[in-house]
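Per-chain residue numbering starts at 1, and chain names A, B, C, D, E, F, G and H are given in the order in which the chains are listed.
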Amino acid sequence: MADKVLMKGNEAIAEAALRAGCRLYFAYPITPQSELIEYMSKMMPKVGGTFVQSESEIAAINMVYGASGCGKRVMTSSSSPGISLKQEGISYISGASLPAVVVNVVRGGPGLGDIQPAQGDYYQATRGGGHGDYRNIVLAPSTVQEFADMAPLAFDLADKYRIVVLILSDGLIGQMMEPVEFQPAKTEEEIEELGKQHESWCMHPNEDEPNHHHHIINSLELDPNVLSDLVLNLEKKYIEIEKTEIRFEKYNISPDNEILCVAYGTAARITKSAIDELKKEGKSIGLIRPITLWPFPSEAIKQAINQNVKKILTLELNLGQMIDDVRLAIEGKLPVDFMGRVGGLVFSPEEVKAKIEEIL
Amino acid sequence: MADKVLMKGNEAIAEAALRAGCRLYFAYPITPQSELIEYMSKMMPKVGGTFVQSESEIAAINMVYGASGCGKRVMTSSSSPGISLKQEGISYISGASLPAVVVNVVRGGPGLGDIQPAQGDYYQATRGGGHGDYRNIVLAPSTVQEFADMAPLAFDLADKYRIVVLILSDGLIGQMMEPVEFQPAKTEEEIEELGKQHESWCMHPNEDEPNHHHHIINSLELDPNVLSDLVLNLEKKYIEIEKTEIRFEKYNISPDNEILCVAYGTAARITKSAIDELKKEGKSIGLIRPITLWPFPSEAIKQAINQNVKKILTLELNLGQMIDDVRLAIEGKLPVDFMGRVGGLVFSPEEVKAKIEEIL
Amino acid sequence: MEIIATRPKSLTKAQFTYCPGCTHGISHRLVAEAMDELGMRNKTMGVCPVGCSVLAYNFFDCDMAEAAHGRAPALATGMKRARPDMHVFTYQGDGDLIAIGTAEIVHAANRGEHFSVFFVNNAIYGMTGGQMAPTTLPGMKTTTSPYGRDEKDIGYPIRACELLATLEAPYYIERVSLLSPQHVIKAKKAVYKAMKFNKEERGFTFIEFVSTCPTNWGYEPMKAFEWAKENMLPFFKLGVFKDKSIEEEGK
Amino acid sequence: MEIIATRPKSLTKAQFTYCPGCTHGISHRLVAEAMDELGMRNKTMGVCPVGCSVLAYNFFDCDMAEAAHGRAPALATGMKRARPDMHVFTYQGDGDLIAIGTAEIVHAANRGEHFSVFFVNNAIYGMTGGQMAPTTLPGMKTTTSPYGRDEKDIGYPIRACELLATLEAPYYIERVSLLSPQHVIKAKKAVYKAMKFNKEERGFTFIEFVSTCPTNWGYEPMKAFEWAKENMLPFFKLGVFKDKSIEEEGK
Amino acid sequence: MKIELICSGFGGQGALTIGKFLSLAAMKEGKDVSWLPSYGPEMRGGTANVAVVISDKQIASPLVSHPDWLVALNKPSVDKFGPMIKSGGLMIANSDMCPDKLGREDVEEIYAPMSSIATEIGSTKVLNMVSLGVIIGKTGLVKYETVEKDLREILGKKNPALLEANLKAIKKGKEIGEKS
Amino acid sequence: MKIELICSGFGGQGALTIGKFLSLAAMKEGKDVSWLPSYGPEMRGGTANVAVVISDKQIASPLVSHPDWLVALNKPSVDKFGPMIKSGGLMIANSDMCPDKLGREDVEEIYAPMSSIATEIGSTKVLNMVSLGVIIGKTGLVKYETVEKDLREILGKKNPALLEANLKAIKKGKEIGEKS
Amino acid sequence: MARMTVDPFYCKGCGLCIEACPKKIIRLSDKFNEKGYHYAECFDQESCIACKLCYTFCPDVAITVEK
Amino acid sequence: MARMTVDPFYCKGCGLCIEACPKKIIRLSDKFNEKGYHYAECFDQESCIACKLCYTFCPDVAITVEK
């Protein structure tokens, strides 16, 4: 069905995950993410899949760990405090090189904070809130459509690299309704086929000698020399991903841009509104919107800087986190300004416009 | 007693914490940190303090949360996977503006990894592995003496700023013995006095009207405008700390340095050995050793760059994490090289020397 | 004329934020009354859960801490150990206490921590909009068990009192209900007893309130009571599961 | 001559990394024998804990996953749900299962997950060097209870079987011991039964092994058995705590 | 063309639903739409509101600080959002629960006794649909037929009685809107 | 002056303790010291070893890849660390458990029947102390008196018998060391 | 003589007091309070026996009983 | 006729089999295995009754019993 439907972001990502072949989903309720779990509880039985409301976020991520070890497309979701609880598990899954999709519908923090949209989990998402050297691919949607489209993308990337893909959404995108068009649902045969790509390493029914195998899913290696090799292999994968999987959107990028904005997700949408307004007034402001937060589109940002650009403006719904990556990208070539909101507040297009005018 | 004693790092930090007035300690065993908890279990009853071996790291950090809400000096410790589990709690304590000391004796990761020394938790420590905008002061010792000295420092900073202070050690510093000299132990009266500084906000016995108070310890605020103010207040505190609490060591810094090394903790010790060797051969290599990882000594690094310095070399026992902060500090002024080891391996002074010679 | 019943001093002047007819208010009052009657307010610290009663720190007029979801017993342990001279209680919902917080409640009970736990079992996650709780009854529809809780797939409700009563240390465990004025009168006695034992430093005390959530059950308050009487009480049997005072005092 | 007893096929050729005389080896063998006898090896997935048996994936010759500390039942849930056509077991120590993993085991049992849990209770944290476990006996000295476990301060050992038996869903719960060849023979029957029920998809099965840790207890293996018989068995009573097959089969 | 509106009322009055049916119809008629509710505990007992944007180009920000139009089902909604309406904008209010006029000269105000009309129709639940009708009648933002079709699809089988009541309410509102 | 040494043996042979008493004495005599054990499960059953650095200046790296001296209580220790000894270095080995010579021309080797001596003294536990004695006798790195004092402080009251056995073992080793 | 009063500030009109009262002398007022609830009131103070059951069952602690 | 054999590769010389054997025909060998353990051996195969108790109690699954 290529018809558009009007849907909440949380429901759209759930539906898209089902269509992408996700048949196992484990999660614990939390606002503003609960519609996702509620949708799954309703639809999973209809497609013959499994939904378990786990006793906690920790149990959920470890159920994901187990199911992923069997080579299946599996997902969990939560919001900020719940994602913090999953950090140990995410580190394990990463260490064991397993594919998995995790959705974070970010809310205001730190602590219990509030349940309004925020981007305060950027550091956690991109730097790994868990222990040890690992990376997750981080996708940041800015519309309901994109949120939905990220489900198949996330599963494909997860499978391809045997990596955790984190979709970093927020309360606004999770709660709002927009028209959305879904990709066709995978057939049961296609899903079966997807599982087979993992047969060389995943746990599955076995045979007698001589074809008896013994698959081990783990992240432990007591010999530091061996562990070092394993981690260096992870690094190779990360380097490969940094080469090939960077995604971003250019908005109004042109040679006469005076200011280059960098913003993602909800902050980027609002920035676009402001840019449109300013355009009417004859001012040329460009925006690079990272779609992958890791790997980060550093090169794209560097290239978008032209002779007219006087300043970079990073816009985030936090105290300034992605700004590190922007600064790293431009290596001191230009001053980097910042506009932020915290506590679940969202800046308005008017406020962004005013900020840009101020620094123009 | 100003006599030197020979002690393991894990025991030295425990002894120093007791002397600094820590009378509450909650933790769960994990290698290579267990000597700390074992020392506490032995000594706490002797000083009339409380040690509870909690059912998990999560329970431990939340016991800390509760005890700290009563204005007492309280500590927990763990190693990498256990620290990941504490992230939600640390975010809460930070959101509630409570003082607390957390020790991480880092091991090889990700996942279960191994139990050898590593620095793979730098990102987690400095960027906040938990959700939302918050910062912890992060202290990185490089000797047993310094590890011990950091206990009183950490408690003082925690009390002063009502912040979580994380001591980021590693298996090497935790397990090795070195001579250590302790500061005199605080008397019970001094400890009592310390608690009093928190009486304006902490939970404690109450009075009847009209002096009845009602102290609330929490990190929840459903109104985003109010939460925003709270977070912006946190930010003010962070800015203040960035101004006043940066600590670092200069080693062999001189105008003829050809290469400037940046390394912390164990990696810095080993780098020093290599620098000493190279000095004998007439080569001048400087080292900035961050003692506070957050706030990071960016200014010191910038200042240490002189006309002769051709390159910066960042040395870490990970895939390269602090290097972000080094790059941010020097803003593209010089190329930044990297030497790392992962999986619990530690580079030797010879290897570091070779690396420096290679890039000289 | 003399006032014989009015708002206890241990409640603040704030309006409760609960839905009309929600039993959280009743259990709040019982705890506050016990504090008043035992003169404990000035030496009491409470812990709020994450759940509908997350804002209870605005309602109880004693010192209060807001725990992370499920961790109230750990906070309370830290608080009581930090201030043995004060009295501590936690107030927790069923999701908080026996889903995410299972380990914390079991181990606090097992250590025999000297505090009281007030456990509001309304068979649902109230605050987050009516998801299935560990105490949701078989067949009961919630937003995450839209076809009714399937006990074959996800098991039966957990009975916290029975589970905790297998431990040695707890001093007093009772399940009461708030489903009628008569039930409330009985519940009041249990709450008083728990807080009295608390004040006397006897050990760990635990009161479960069989409660309602009219909003998420989708019933009017009175209908919710009827439903609970018919459906919850047969499964969550009222009674004393442990009372060491009986042996101790030889009665 | 015919071989009547030798290494089961479901064990790999690797040497165990356990200390001499450690009972982990015996319980490994019992599980492997059951897999052999029931012809399950090719359709079985096991889960290792974090604990001395963390490397069990090198010893069991079936597919194996290594869980995070305490989370084996959650992994097993994910595995069994992902591959209902396979059989799943976890193998866990006392710290893993009833300290940090309390919530996971209680809820997996409560859901009646279709897998078997083998629980090695040696009253101590073996791997990390002998710290106190939730099952450490009162008065017992460990590296974190250097003056002996003070049950007044930190409570009594937790009895996992009794605790889990309060839940409705579990199918079969038994506590056995490995303290003598006779005990082992009995234990073998229980393990077989659990794995058979597992194969037959009857539900959640749980076997607790009262075990020893000669190294951290500081006793020679035989002395460790004696100590355990005298001290552990009175507290951890052997027996069947739940067996639904009795009703089901009408025996 | 781009219209930003806010629908607001007590929780339970169905303000969010007005926005939903408007968005749905606009989408069917080829527009881009966004529907952003206030959510969370504030809904319990308090006011619920939704920001709707309807545009023939892609919508960047779904936030509405200054609505072109406001649908206010109760007094607090008028108080909260009335002052924010853009100059030249429109307010549609439930006169039964909004006793005081907004009194802005630069804003057109339409008052309809939505509660009374709903009670008349026989279901207090449909008061929100009256306002939906007013919008249609007044502005022609979406076609009545599109809304009717959507309603028939959603309610047709499940609750034909409610469907009829809804349609009646919309028609009633539409009349009012057309006359204003 | 800076000496880097490794003490290595089976777990239980007390290799770590040799290092500890050496470090302790050196510290008392005003040196900087570091004592870095191998740790973790590898200790269970396998070999245990410790890297000790003693210097009159502050010690930077506690790691020892190429020891000046090696104390090897068993054969695996000789195999593992023998080849790493610095040219001109010294190996002190337990001849009872190290049958094969290292055979490096640039390294001095001292073999003492430590196990036998210990058995003779009446406690197999003190074999490590023999090697400690050899170091003292051979190198004078620390004074016998300092070590004796430390031992008396630590063991004096708790276990006088063990103390005496220890001291005997050290003296015996010292003699051997002095003669080599 | 006894008296039962409801504080409209707290009352949410849930009606539990009405169910609880053995004398059936409580009803919801026609008037709204600030939050828009019809609050409870005693329409026959004379008959009140000060049994406190209304107070006991009131989830918003809105009731005062005097005797 | 029965036979009990110990695989020195697995045996850790813990002696449990010795305790288990009702015929007391097992002892630790003088010889070491690779790991340095004195491994167990049966010194009187004739007397073995193939009761398997040694096997049952062996924690390292080092024993084979034949009949």
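The working rule: a residue touches a chain if its C-beta (ideal position, glycine included) is under 8 Å from a C-beta of that chain, and two chains touch if they have at least 3 such contacts.
All values derive from a computational prediction rather than experimental measurement.
**Student:** Which chain's mean C-alpha position is the greatest distance from chain D's?
**Tutor:** For chain D, the chain whose C-alpha mean is farthest off is E.
**Student:** My parser should flag the chain pair with the most contacts; which pair should that be?
**Tutor:** A-B
**Student:** Approximately how many whole Å separate the CA-defined centres of chain B and chain C?
**Tutor:** Here chain B and chain C have centroids separated by 39 Å.
**Student:** In whole angstrom, what separates the CA-based centres of chain A and chain H?
**Tutor:** Going by mean C-alpha positions, chain A sits 58 Å from chain H.
**Student:** Distance between chain B and chain E based on Cα centroids, please, to the nearest Å.
**Tutor:** That gives a centre separation of 55 Å.
**Student:** Please list all residues of chain G that touch 2 or more other chains.
**Tutor:** Within chain G, no residue contacts more than one other chain.
**Student:** Give the residues of chain A touching no fewer than two other chains, as numbers and ranges.
**Tutor:** 31, 52, 55-56, 58, 81, 88, 92, 96, 111-112, 114-116, 218-220, 222
**Student:** Could you list the positions in chain C whose residues touch two or more of the other chains?
**Tutor:** Correct list: 19, 54, 66, 68, 99-100, 102-103, 106-107, 111, 127, 134, 154.
**Student:** Can you check the complex and tell me which residues of chain C touch chain A?
**Tutor:** 50, 54, 66, 68-70, 95, 99-100, 102, 125, 127-129, 131-132, 134, 143-147, 154
**Student:** Under the touch definition given earlier, write down the residues of chain E that touch chain A in their complex.
**Tutor:** Going through chain E, the ones touching chain A are 20, 23-24, 27, 32-37, 39-41, 59-63, 65-66.
**Student:** Could you please specify the touching residues of chain A with respect to chain B in the complex?
**Tutor:** Checking each residue of chain A against chain B gives 58, 80-81, 83-85, 87-88, 91-96, 106, 108-116, 118, 120-121, 123-124, 127-134, 218-232, 234-235, 238, 318-319, 321, 324, 327-328, 330-333, 341-345.
**Student:** In their shared complex, at which residues does chain G touch chain C?
**Tutor:** It is residues 1-3, 9-10, 12-16, 19-20, 37, 50, 52-53, 55-61, 63-67 of chain G that touch chain C.
**Student:** With touch defined as at the start, can you tell me which chain A residues reach chain D in the complex?
**Tutor:** On the chain A side, the touching residues are 24, 26, 50, 52, 54-56, 58-60, 62-70, 72, 74, 88-89, 92, 96, 203-208, 212-220.
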